[in-house]
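For reference, chains read A, B, C and D in written order, and residue numbers begin at 1 within each chain.
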Amino acid sequence: MRQQIPATLSASLFEARADAIIDTARELAVLGWTPATSSNFSARIDDDHAAITVSGRDKGKLGRDDIMLIDMHGNAVGTDARPSAETALHTQIYRRWPEMGAVLHTHSRTQSVASRLYADDGVIRLQGWELQKAITGYTTHESVLEIPVFPNTQHMPELVDRVDAWIDGGKPLHAYLIDGHGIYTWGRDMQETHRHLEALEFLLGCELDLKRLRAS
Amino acid sequence: MRQQIPATLSASLFEARADAIIDTARELAVLGWTPATSSNFSARIDDDHAAITVSGRDKGKLGRDDIMLIDMHGNAVGTDARPSAETALHTQIYRRWPEMGAVLHTHSRTQSVASRLYADDGVIRLQGWELQKAITGYTTHESVLEIPVFPNTQHMPELVDRVDAWIDGGKPLHAYLIDGHGIYTWGRDMQETHRHLEALEFLLGCELDLKRLRAS
Amino acid sequence: MRQQIPATLSASLFEARADAIIDTARELAVLGWTPATSSNFSARIDDDHAAITVSGRDKGKLGRDDIMLIDMHGNAVGTDARPSAETALHTQIYRRWPEMGAVLHTHSRTQSVASRLYADDGVIRLQGWELQKAITGYTTHESVLEIPVFPNTQHMPELVDRVDAWIDGGKPLHAYLIDGHGIYTWGRDMQETHRHLEALEFLLGCELDLKRLRAS
Amino acid sequence: MRQQIPATLSASLFEARADAIIDTARELAVLGWTPATSSNFSARIDDDHAAITVSGRDKGKLGRDDIMLIDMHGNAVGTDARPSAETALHTQIYRRWPEMGAVLHTHSRTQSVASRLYADDGVIRLQGWELQKAITGYTTHESVLEIPVFPNTQHMPELVDRVDAWIDGGKPLHAYLIDGHGIYTWGRDMQETHRHLEALEFLLGCELDLKRLRAS
């Protein structure tokens, strides 16, 4: 069954969001950040809907049939495709922050290794890097950018609760890692989200390199 | 002499399998996993035949003339091309597991280095990585994925015996490394096998990075 | 408002310089040296003007609308585009050295990590590398190439003063790093500057690798 | 002055050799093994002549005008282009071994770092790697492949003498490193030489990785 777009939604808006996901996914796949059909990507359509990648596809070769419509509770809309279990982590961001327009979850080697290394600390603290300024709201390298590392689980509601608890604790949240897994980050549109992801991958890589070199 | 396809086999099926090998090989060569004409790739045709790469060709530039037909004892069929000595390791998988449809053997730097580093242990144990779930049958990062590391030899029957012994011992086997050499992995079709290989390369790379960083 | 070229300047010369910047930026972006819209590039037009990248654009996808005209005090000319805060570091080079025709500022992982590692020393001393000869004026690997590392600041005049002080101190200056940030280098034209940048990235990478390995 | 081909030589043979150099150089440049216009490449034309890259060109963008004709004493033939100082190291190989048809000299980060690290030992000994078999004449991973590391000098006759001394000492020589510089390797034709280079870069990279990891 092909994706049906409800009459209350703009089909061309869905297609525009799907194409933004496809283009971004292809660029990230070339970098090796989506190995073995991992990773998922989404973009908000309106208050109640988002476009998201169907589970298990090669992210370097997505077509429109690999993007599905969901509501903000993670239910499929107008399709019998099955959304990924991790869809709940996307819709959580859209529900909590109406201004957020895209969520990217990737799975690079740097992200996976950093998550394992800092799992016991539960957080990675970035400071002194000019590129922190690529995260919206940060205007100086002297700021501290905290990326929490949550324990991995195959039970998504636990992860949703941990994310909620962090936000409810009043601390800023621009991205999080899951132990042995990858990163989630978001932004007001696909372009800002892509910039956040590039900056975070760069910063995590720098932090690991510096740790190795300082031990030399 | 060009490859002749026996009347009892479908020439178009051979061509489809050859093309799947050629496409996959090109993608892996770009990543640098097939240096200096190393590596070999095969795909099952039917119960008694497989298509396999001719020895010694540049894996990034394969054409149909670089793929030959063999029987399940590693003999050339309908061609005077010489199959690689390592063909026996491909046919072993097809003979033991009728459901397996493709075998990929690559030779990345990560694979070679990991094989040397864990040669004395004889096995690499992977645990805690989300991407273990990319291996068919694994549903949680809490599982343990064991990759045996066999001693290298230029005498293939020794390797065949070691693989047999591992399987006969009752332990699951999804891939193995050969010391100072590369990896073998397989799956029901080329797509699944490619996914397995990508996941294993990623996991080995993560494991080496983590080892270096934990020592820092 | 599109860029207007004053009648006293050659529009085709501006376009040639803009195109040289666009081509070089695309090559550097592919290498990952301009993450998350960081980095900026310029080329001299005449004694009083230069072309420079508009702040915040994706350096892999620049078009002519992403290049603006400035005077040698960093003021926009014939456009309401806002030049980057770091423009002052470009015009400083053009004002001090009339023979310099291009300035490249990138932000690779190697550059950022090296800058952090050598920030306390305030300088990286390169010696014994054949590729030092790629820097104009160096004719042997036995020379010493010093790259100062200046403290980062969001206040550009401080950086301008540090660069001036280094030059006024009489020491050669072909490039400098800013702590936690990236590199600035320059040359008589875009080709020479590009060669300097490639050589410096290579040398910094070698130096970090060697440091790690000598500690092994 | 364009390259003139003497009547005693085949112009089409020169062009075929030039094109082989151009194609190989482009592939190696993409890998980053020829930074900042370093590296040089040659191919034998006949007993007395070879085609070689003109000094100082970007190896990723060579055209036929960047390839010149030399005699086996390193003199330019039919052109006023200046051959690189390192030409003497190419012609030495062709003079000593009539069966050798191509020489590649590259300058990768791995090659430069390995040369520094093993400069005091004067040699890198490779053993236990399956890919040693990619070097013509090696049939098992149990062989020992020795790569000498010679001290760097801007005076080429010194290097020529060291190479001669190694060969005259009776030890096999398939490649050598120069300290802080890069590698030289050769083969009967461009394809074999390219395979040798790929294998050596891979083996040096593995050896460095293993050294780092064994120290962890």
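Note that a residue touches a chain if its C-beta (ideal position, glycine included) is under 8 Å from a C-beta of that chain, and two chains touch if they have at least 3 such contacts.
All values derive from a computational prediction rather than experimental measurement.
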Taking each chain's centre as the mean position of its Cα atoms, how many Å separate chain A from chain D?
-> 46
Using mean C-alpha positions as chain centres, tell me how far chain A is from chain B in Å, no decimals.
-> 32
Check each residue of chain C and list the ones that touch at least two other chains.
-> 212, 214-215
Graph of touching chains, which shape: line, ring, star, complete, other?
-> ring
Provide the full list of chain pairs in touch.
-> A-B, A-C, B-D, C-D
Using the touch rule from the top, collect the residues of chain A that touch chain B in their complex.
-> 35-38, 107, 109, 112-113, 116-117, 152, 154, 178-182, 208, 211-212, 214-215
For the complex, which residues does chain B have touching chain A?
-> 128-131, 134, 139-141, 195-196, 198-199, 201-202, 205-206, 209-210, 212-216
